[in-house]
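We call the chains A, B, C and D, going by the order they appear; numbering starts again at 1 in every chain.
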Amino acid sequence: MKYFQCDYVEGCHPKILQKLIESNLEQTPGYGTDRYSETARKKIQIACGNPEAQVHFLVGGTQTNLTVIASILRPWQGVLSAETGHINCHETGAIEAAGHKVLALPSTDGTITGEQVHKYCQEHFESGIKEHTIQPGMVYISHPTENGTLYTKAQLTELKKACDTYHLPLFIDGARLGYGLTSPDSGLTLKDIAQLSDIFYIGGTKCGAMFGEAVVIPNPGLVKDFRYMIKQRGGMLAKGRLLGIQFDTLFTDGLYFEICEKAVKQALTIREAFAKKGIPLYGKSCTNQQFVVLNGEQLDKLGKKYAYEVWGPNGDGNTIVRFCTSWATQDEDVESLIGDIQEL
Amino acid sequence: MKYFQCDYVEGCHPKILQKLIESNLEQTPGYGTDRYSETARKKIQIACGNPEAQVHFLVGGTQTNLTVIASILRPWQGVLSAETGHINCHETGAIEAAGHKVLALPSTDGTITGEQVHKYCQEHFESGIKEHTIQPGMVYISHPTENGTLYTKAQLTELKKACDTYHLPLFIDGARLGYGLTSPDSGLTLKDIAQLSDIFYIGGTKCGAMFGEAVVIPNPGLVKDFRYMIKQRGGMLAKGRLLGIQFDTLFTDGLYFEICEKAVKQALTIREAFAKKGIPLYGKSCTNQQFVVLNGEQLDKLGKKYAYEVWGPNGDGNTIVRFCTSWATQDEDVESLIGDIQEL
Amino acid sequence: MKYFQCDYVEGCHPKILQKLIESNLEQTPGYGTDRYSETARKKIQIACGNPEAQVHFLVGGTQTNLTVIASILRPWQGVLSAETGHINCHETGAIEAAGHKVLALPSTDGTITGEQVHKYCQEHFESGIKEHTIQPGMVYISHPTENGTLYTKAQLTELKKACDTYHLPLFIDGARLGYGLTSPDSGLTLKDIAQLSDIFYIGGTKCGAMFGEAVVIPNPGLVKDFRYMIKQRGGMLAKGRLLGIQFDTLFTDGLYFEICEKAVKQALTIREAFAKKGIPLYGKSCTNQQFVVLNGEQLDKLGKKYAYEVWGPNGDGNTIVRFCTSWATQDEDVESLIGDIQEL
Amino acid sequence: MKYFQCDYVEGCHPKILQKLIESNLEQTPGYGTDRYSETARKKIQIACGNPEAQVHFLVGGTQTNLTVIASILRPWQGVLSAETGHINCHETGAIEAAGHKVLALPSTDGTITGEQVHKYCQEHFESGIKEHTIQPGMVYISHPTENGTLYTKAQLTELKKACDTYHLPLFIDGARLGYGLTSPDSGLTLKDIAQLSDIFYIGGTKCGAMFGEAVVIPNPGLVKDFRYMIKQRGGMLAKGRLLGIQFDTLFTDGLYFEICEKAVKQALTIREAFAKKGIPLYGKSCTNQQFVVLNGEQLDKLGKKYAYEVWGPNGDGNTIVRFCTSWATQDEDVESLIGDIQEL
C-alpha cells in the first residue's frame, strides 16, 4: 500500500535526521534558548526579510493556532475564518476552549475576501446592540487553504487592507506554507507573507520536519509575552533544540523550498493524469493536495494499491477524494499511480 | 562546561535514535493509530500489570498535566496539590487557564499526606457555605516530588484511601517516575503505582526519550473521550508514531528502568561525595536530583566547570543548588565532579 | 411614545411590587435559603407536577444559559442549537467564553427537529476522526423560539427521543415560556415541558418579574452541585429572597399564566389587524411577539407613535419589524396601535 | 431573633423602594441606556470628582469582581490579592474559572502593602524563568477589607505607587465602600479612591440597595469595550433602569453616606460595649463589621436572641464571631444587644 492520503506519514527529511544524530549527545540549555534555535531564528528572519521579526517554535498546528489566537484576542472577541477553516472544523473546539468563537464566513474554495471582512465588521461596529454580539478581533486564513487553493497577491493585499481598516491582526496558518510558496501558481514569496500579515507560521510537520511550526511575528509589539503563552498552553518543548535543529536545517541552502517544490510538481502530474483521463477535478488546487471525483469502481481499483483520503460525497453518488504528495513522496510511487489512473 | 543543572540537556537514548532512523521512511497512519504506538501501549499495559489500562501518548509534561486535570474536573472543582507542586509553581497558570484553582497544601519535602486530604475535604464538605468555595475534585502528586523525595507504599496507600473516601481521583505526575522506581529507597513498583492511583503518567522527556509522556488510566471508565481532550489541548502529535517508537523502545527489555537506575546511582555517589566533604545536604532526595547548600566560594569554584541549578537562598547567606544526573550522564563527568567536590 | 419593541420596558407586576414592599424590612438569610425561596420552589414543583424537581433562581437569561450549559458539558463537548438561537446570536459569545462551541443547525422558523439532531450525532459518532471535531453534548432550544414560534407536543417528543438516543440532555430556554404555554396554539403544558426536557427555565424577566429566571431540573441527578456553579458564575443573588418573592407571587393563583395569556391575546389582535390590512406577516408566531413586513412609509408613520424593533431587511426593500406585548401592555395602547394600523 | 450576622438581610432603603414604586410602569429602554442610569452615572461622576470617569452598573459582587478582572488581565497574568481576599476565598474560584490565578499575598489584617507588591513583581520580572510562572497583571484590594479594616491614605498611595511602577492596574472592591468612607478612622474620601485606583466599585447590595454595584473607571482608556464583557459574563440587567434608579437615589442628597455612617456608629457602640465588658476584640475594625472572641457560654447566651456569624476558632477554645450592622439596623436592636452584652 502506498500512502497518498496525507502529508505526514513518514518521519523527517534525511538531512534533519542527520543533524539530530550528530547533535544527540550535545548538551544545550532548554526551552528554546539553545544555539540551534538561535541560528534557526536568524535564518528565518533573513528568509522573511525582516531582522526584527520575532520567531518562536511550537510543536504542532492545533497548538500553534490556539496559542496564537488566544494570545491576541480579548475575551469578548472572536476570530473571522472561512467556514472551512481548520480552526472551525478540525481542532475539536480548541479555539472555543480558549474562550473565543470562530466567526465563520461562507467560502466555496477555502478563501475569504477583504470585502467579506469589511462587510462583517461594518455591520458589527455600526450595530446599535453590538455589545450583545461577539466583536471581530482578528482574521484567520490558511495559505494554502484546506482546499489546496492559494491567495493571489492582490487578494491578500485587499484582505490586509480590510483588516487594517478595523485594526484586526491578520494571522496566516501556514501548515503547508512551503507547498504554497513553491507552487507555479504562487504570486507570493515568503517576504510577501511577512509583509502582508501580522503573524503567521511556517509549517514544519507537513513540510519535511518530524514536527514543529515556526511562528513569525513581523511586528514584535503585537504579542508581548508570547513565551508565557507558549509555556501555559503546553507548547514549550523542554528540549527546544529539537525544534531549532529542524528549522535550522530546513532554512539552510533553501532546503525547505526545494523539497516542497518537488512535492508540488509531483502533485501536479497526478492532477494532469486525472484530467487527461477525463476524471473530474474538485476545485482548483495547484499545491500538494489534489482533489478528484471518483465513482465506486474507481475508488475500489485505486484503493487496492493506494491510500487516499475520502473528502466527502460529491452529491451525485460519486465521492470526492484527496491525494497528497509530500517532501517524502517517491517518484516511482507517483509513476505507478499515474499508470493506474491511465488504466481506469 | 558539564551540565548537571537538569535532566533534559541531551537528545535521546541511542537505541531510540536507532529506531527512529530505521523507521524514518516507513509510512504509517497518524495521531497514534500506528503499529508502534499500538505495541508501545501493550508493553506498558504489561509493565503495569493491567491489560485493561488505557495508555495515551502526549508530548510534554505541562501539556499532560493540564490535559489530564481538565479532563477530570468539573468547572467548580479544584485540584489539591503540595504548594511546591509543579502545577502550582512552574506551569504559568496552565491549570487556572483551564479554569481550575490549584488548592495548595503545605509541604516541606514535596509530599502531602492522606490526613491533609482528609482534613481539607472534611472541612469543605461539612461547611455550611461550601458552595461559596471551590470543591476539591482530585488530588495531584508527583513521584518523585519536585524535591526528589519519594512516597513510601504506606504513605501512598493512606493517600489513596483518603482520596477514595471523598471520591477524588488520584493523579500521579511521573515526569521522573523512572528515577523514583529505581531508587534504592523505593518501596513502590510500577504495578503498585498503577494500583494505587487513578491516573498517572510515565515520563519520557527526562528519562531517555527526546520527548513524550505516557498517560496510563488503570480504570478506563475514569476519562471517557480522552482523545478529544488531547486533540483539543494541542497534544495530539500528527506523526504519533514518534511517541510510539520511543516508548516501545523504552519498554523493551527493561531499558527504561536500566537507564534510570544508572542515573540514580550516579546521583547518589555525588550525594555521598558532598556528605563526606561535610557540605550540607538539602532534603532527603534519593533519586537523580541532589540538593546541597553551597557557600559563595564553593559556588564559584564548581561553577567554573559545572552547570548546576540555583534552587534558592538557604536563608543563612548560602545557596541551595541542584545537581541532576540523567540517563545520559557520563561516568567520567561524575568522577570529575566528585574529584572537584573533594578539592573544595 | 408607546413601547412595543420588547417585553422588558416596565418594572414588575403590581402584586410582586406589593410583596416586595410588605417584606422589605423583614430579615432573612441570604443566597436563596430564605422562606420565600423555599415556598416558591415548592409552588413551582407542584406546577411542574414533579415534587422531586430541583428549582434554582438566577437573575437573567444569558447568565442562566451560560450557567446551565457550562454545568452540563464536558470541555470537549458543544451544544446543538438552531442557528438563530439566542446563545448563538445575542449573548456575546457567553457559551464560548465558558469554553464550548455552539453547534448551529439550520432553521428557518427558530425550531430544530429530532431528525436534525439524529443526523448530526450519527455523522459525528460514526466518523473515523470524530475526536478531531467537537462532540455534541446537549441540545438547546427556546420555547417559544426567537421567532415567536412553538414546538408541538409531537415535535418536542421526537426531539427528546433523538436526544435520549445519544444521551444528550435537552435544555429549554423558557425566557418567554409563559407566552408560549398560554398561546391558543400551544399543545404543551408546563407539566409536559417538565417531562419532555432534562432541564429548563421559567422566564421571569419578560413575564411579570423585575428580573429572575427559575431553573427547573426534573431529574436532580443531572446536575449535582449546581449551586456551586451559580455562585461561581456570578448568579447567586445575596438577597436571594428577592427572587423567591417574585416567583412565589407569580406562582400563586396562576398569576404567571393569567398575565401572559392576556399579553398573547393582545398580540394576536395586533397580528389580526396587520393581516386584515394586507400587511405581510413574517413567520407564524402565535405568541407575544409579532413580526410584520413594513415599507418605508409605514415604518415612518407607525414610528412616530410606537417604538418597535427592526428585525432586519426583508430582501425586497422592505423591513421586518417586531411588535411585542407583555404582561404590562395597556389595552388602550393596543387599541390605539390597531387604529393606526387601519389608517396605514 | 435579631440578625447581626451580615449586612444583606433586609430589602432596600425606603427611598429606593419609593422610587421603584413611582417608576414601575414607566417605559424605558433596556440594558442601562435609560434616563435613570444616565443621571445615576452623572451623579457618581460628580461624587468622584471626575466627569470623564466611566460608570457601569452590575448586579452583584462576585459578578463584578470576575467581570472587571477578566476584562483587564491577559491570559498569562494573575491578580495579586491578600490571601484573605474575597476573590481568593469566597467566590468558588470565579477568577480561576475566568482563567486567572489569584496570586495570594500573606496578610494578617486583610490589607497588603506597596512593599509586598514591589517585592513580588521585582522577583518575578527579574527571574530568568519568569515565563514559567504567572505574570502579575493587576492588584486587587478591598476597602474596607474582609476584616473590616481600612487603608490609610499613605498606605493606599504607597500601594498605588508600587502598582504604577510595574504598570499594574489597582482595583478596589468596594462592596462595603460606604462603611469605609464614613468611618471616623477614614482618611480617604470617594474622590481619593477615584484618584488612587484605576478601577473600583461602589457597593450597593450591602449599602442600602436591593442589589447592584457601580463600577467606576477613572481612566476610560483602561477597559475599552467593558459593556461587551458585562453582557458576556451575564451581568447586563435587561431592566437596567432598576440599577440606575437605585444608584440615582443613593447618590441624591448624600443618602449613601448618611445611611452608611449611621451603621458604622451603631457598630462602634457595639464594639465599645464588648470592650468595656472585657471581651476580647479580634482585629481593629472601625467599620460596620465587628469581630469579638466569645466563649461557649457567651455564644449560647447571645445566640438565643441574636444571629451572628461564626468567623472561626480562635485557637484557644474560644470562637471568633462577627456582628454586622447595616443601613437597616434598628437602634432599638443595637440597644438591646448592648444591654445583653453588659449582662454577660
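We take it that contacts are C-beta pairs under 8 Å (C-beta built on N, C-alpha and C of every residue); 3 or more make two chains touch, one makes a residue touch a chain.
All values derive from a computational prediction rather than experimental measurement.
Asks: From chain D, which chain is the farthest off, judged by mean CA positions?
Replies: The most distant chain relative to chain D turns out to be A.
Asks: With contacts defined as at the top, give the pair, B-C or B-D, that has more of them.
Replies: Looking at B-C and B-D side by side, B-D shows more C-beta contacts.
Asks: With chain centres defined as C-alpha means, what is the inter-centre distance between chain B and chain C in Å?
Replies: It comes to 50 Å between the two C-alpha centres.
Asks: With chain centres taken as the means of their Cα atoms, state the distance from chain B to chain D in Å.
Replies: The computed centroid separation for chain B versus chain D comes out at 42 Å.
Asks: Can you list every residue of chain C that touches 2 or more other chains, as numbers and ranges?
Replies: 75-76, 91-93, 97-99, 131-132, 228, 231-232, 236
Asks: Under the stated contact criterion, what part of chain B meets chain A in this complex?
Replies: 1-3, 6, 8-12, 14, 17, 20-21, 23-30, 59-64, 66-67, 91-94, 97, 205-206, 210-211, 228, 231-239, 242, 328
Asks: Help me check something: in the complex, which residues belonging to chain B touch chain D?
Replies: For this pair, the touching residues of chain B are 75-76, 78, 89-93, 96-102, 129, 131-134.
Asks: Okay, in this complex, where on chain A does chain D touch?
Replies: 70-71, 74-76, 98-99, 130-132, 135, 225, 227-232, 236
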